[in-house]
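So that you can tell them apart, the chains are marked A, B, C, D, E and F in the order they are listed, and the count of residues begins at 1 in each.
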Amino acid sequence: MALVTLVEYADAGAEVRAVYDDIMRTRAVDWVNNFWKALAHDPALLRRTWEQVKEVMAPGALDPLVKEMVYVAVSATNGCEYCTCSHTASARKQGMSEAMFMELMAVVGLANATNRLANGLRVDVDERFKP
Amino acid sequence: MALVTLVEYADAGAEVRAVYDDIMRTRAVDWVNNFWKALAHDPALLRRTWEQVKEVMAPGALDPLVKEMVYVAVSATNGCEYCTCSHTASARKQGMSEAMFMELMAVVGLANATNRLANGLRVDVDERFKP
Amino acid sequence: MALVTLVEYADAGAEVRAVYDDIMRTRAVDWVNNFWKALAHDPALLRRTWEQVKEVMAPGALDPLVKEMVYVAVSATNGCEYCTCSHTASARKQGMSEAMFMELMAVVGLANATNRLANGLRVDVDERFKP
Amino acid sequence: MALVTLVEYADAGAEVRAVYDDIMRTRAVDWVNNFWKALAHDPALLRRTWEQVKEVMAPGALDPLVKEMVYVAVSATNGCEYCTCSHTASARKQGMSEAMFMELMAVVGLANATNRLANGLRVDVDERFKP
Amino acid sequence: MALVTLVEYADAGAEVRAVYDDIMRTRAVDWVNNFWKALAHDPALLRRTWEQVKEVMAPGALDPLVKEMVYVAVSATNGCEYCTCSHTASARKQGMSEAMFMELMAVVGLANATNRLANGLRVDVDERFKP
Amino acid sequence: MALVTLVEYADAGAEVRAVYDDIMRTRAVDWVNNFWKALAHDPALLRRTWEQVKEVMAPGALDPLVKEMVYVAVSATNGCEYCTCSHTASARKQGMSEAMFMELMAVVGLANATNRLANGLRVDVDERFKP
């Protein structure tokens, strides 16, 4: 029930196809997921978003699997079904075991709880935590 | 400007002192941060919360530093100043470099953006992502 | 799967019917959407909410279409499926093109990203931005 | 550092003064808090918001103190400092003890945790919970 | 479409069964809802979460029905479908009438509105509200 | 109290200076605000974020002022102080009057309220709203 139609490869213009090709090549898959097909209505938004994902999620100071798990943590916190499902799938593909997934959820649950305890009681930040 | 006073060690009862002692022993520090001093008004809540933090944040299927960074990611997403500052301090103590912190923020920013693109366009989850 | 039944016109009391009539007259339509039929279990809440929507969304210092797009932006940020769908439909009826919708989503995504970068890095507000 | 100036009684027009008078009379106090003085830049918004607060927070099927505590719970969840402080003050005035406040925070923390566990694991709603 | 399978009683180990038994005994029901069956993949997380729910939601300074309604308020604010449905069912079982539910929603809606008015206008907390 | 130091122009490397120069040139100002000085610890993140802001906020299918107001609406909803202040300043510079700002806040407040009413009552999306 997406609010825009999904732009399939066959119907896409050159700029969109170039992004789809790069997604499939980078991920070594032969399909493009719905998120990109929805963004394709705005080729510039599609390109910018993909370039960011490609750059940000690549190996760097943090391991790609750690990044995927952080992505799942944020998506679960925001209640985004699409990103929770897609990035959990991606994290599993990169080696996240069920035990790792459950521990990740435990941290997410705990952080959400203490965030509200700190906010509700309006606790002042300790001087020692200030950089 | 916390909405409750902070319970100092000298003024704490036995149940609260036992938790404070365990916090300091577990973390190998000689002080207790404000969050726990605010929770101490409800000794059962203090104890339950500390036991959870101790158990969830310990080494397991995930590395403690990864857990701290997930904690920071959730806290930044929820806009919780206290937890963002305290868990960033903790992550740094455990080895998070500035490059790692900045990359973490880049993932958090990106996930928050795509969460809303997916939610705003109401993109359906691909069958292939379903477990 | 609403948590309350939907109150249909035929089953509604006078106070609810008066609101339903005003909704249909104001919007020049011959039906009432589910949101109002759920609120109708509390006629005072129904009336208050409708009066607000009528007053706030009317032409004023801001154009009604701009207001609808702001409504979509907030609903996408909060992940509210019902309001995202209903206000996107309404914005389109008032002239929002697909290009406008996609640009709106681009702004929403970007704002959500930078909100978390600013919150995660705890950047101080510049003096020059203070009113 | 509010983004608009605060409209003091002496500088207010008749419509704003009428609302200020009603706030003070209803609450049996001789001052008006900052929130209303900021809203006063839009007298219609001020009036609508006050009328809602007055109607919604009055005794009804729920006790006013329960309503104030629900208000605090929502405000802590959203991280709104102003409303957390003002409605905690109001709840205390109406009889919320420190033990009640701490238990309220415990429920808020727990609900925020399980909300994310359910959202992160995408648990399906049991048929028995459907109305 | 949960992201983990549901662990049924017949397939559960001793630690998980002990929690399931305690849930059924405490609630005087003969079934366990999906949330716990998902958490059961991490028996320690299951146990910790259940012990918290049992302790926090028990009678104390606040009435259990008030606690359930606060839980619904937080879950609606966070947009968590599972918890909104399960805790609304639980609150109804404990005596929440439809009038009480609708009033609860009215408070939740209003608090969410004023939270954003205060945050958007950046209204300073009045000195008188400070504890 | 930012969690990273602010990188001043004098201390910045060539890549960062190039972005700072482009910010000042594009906005026709002689200073760079704190947000960018914090991001500068990760020159790639700084560049990507600025390029996005520059591209997304430029005139297009939507007017730049409308985009700034949408930015404020999202930032107020998320409770981000920095972005609420900076984008309100920017919207004012581009012509947002006080009446427009107050109406914007009225829409933001209302949308946040009805988002939670729809989510709390779990109202099904009307078939007629589906695209």
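Going forward, a contact is a pair of C-beta atoms (placed from the backbone, for glycine too) under 8 Å apart; a residue touches a chain by one contact, two chains touch by 3 or more.
Everything numeric in this text was worked out from a predicted model, so none of it was measured.
Taking each chain's centre as the mean of its CA atoms, D is the chain most distant from subunit A. When each chain is reduced to the average of its Cα atoms, E sits farthest from subunit F.
Just one of A-E, A-B or C-D has an interface built like that of C-E, with over half of its contact pairs in common by residue number: A-E. The mean-CA centres of subunit D and subunit E are about 21 angstrom from one another, to the nearest whole unit. Averaging C-alpha coordinates per chain places the centre of subunit B 27 Å away from that of subunit D.
Taking each chain's centre as the mean of its C-alpha atoms, subunit E lies 34 Å from subunit F. Within subunit F, contacts with two or more other chains are made by residues 1-4, 49, 52, 73, 75, 77-81, 84-85, 88, 99, 102-106, 108-110, 112-117, 119-122, 125, 130-131. Shown here, the protein chains touch in all possible pairs.
Residues 1, 3-4, 39, 41-42, 45, 49, 78-80 of subunit A are the ones that touch subunit C when the two sit in their complex. By the touch criterion given at the top, residues 1-4, 31, 33-35, 38-39, 49, 52-53, 56-57, 60-62, 66-67, 69-71, 73-75, 77-78, 80-83, 85-89, 97, 99-100, 102-104, 106-108, 110-126, 128-131 of subunit C touch subunit F in their complex. Across the complex, subunit D is touched by residues 1-4, 44, 48, 51-52, 55, 125, 130-131 of subunit C. The part of subunit D that touches subunit B in the complex is made up of residues 79, 84-85, 88, 98-99, 101-103, 105-106, 109. Here subunit F touches subunit E in the complex through residues 72-73, 75-77, 79, 81, 84-85, 104-105, 108-110, 112-117, 119-122, going by the rule given at the top.
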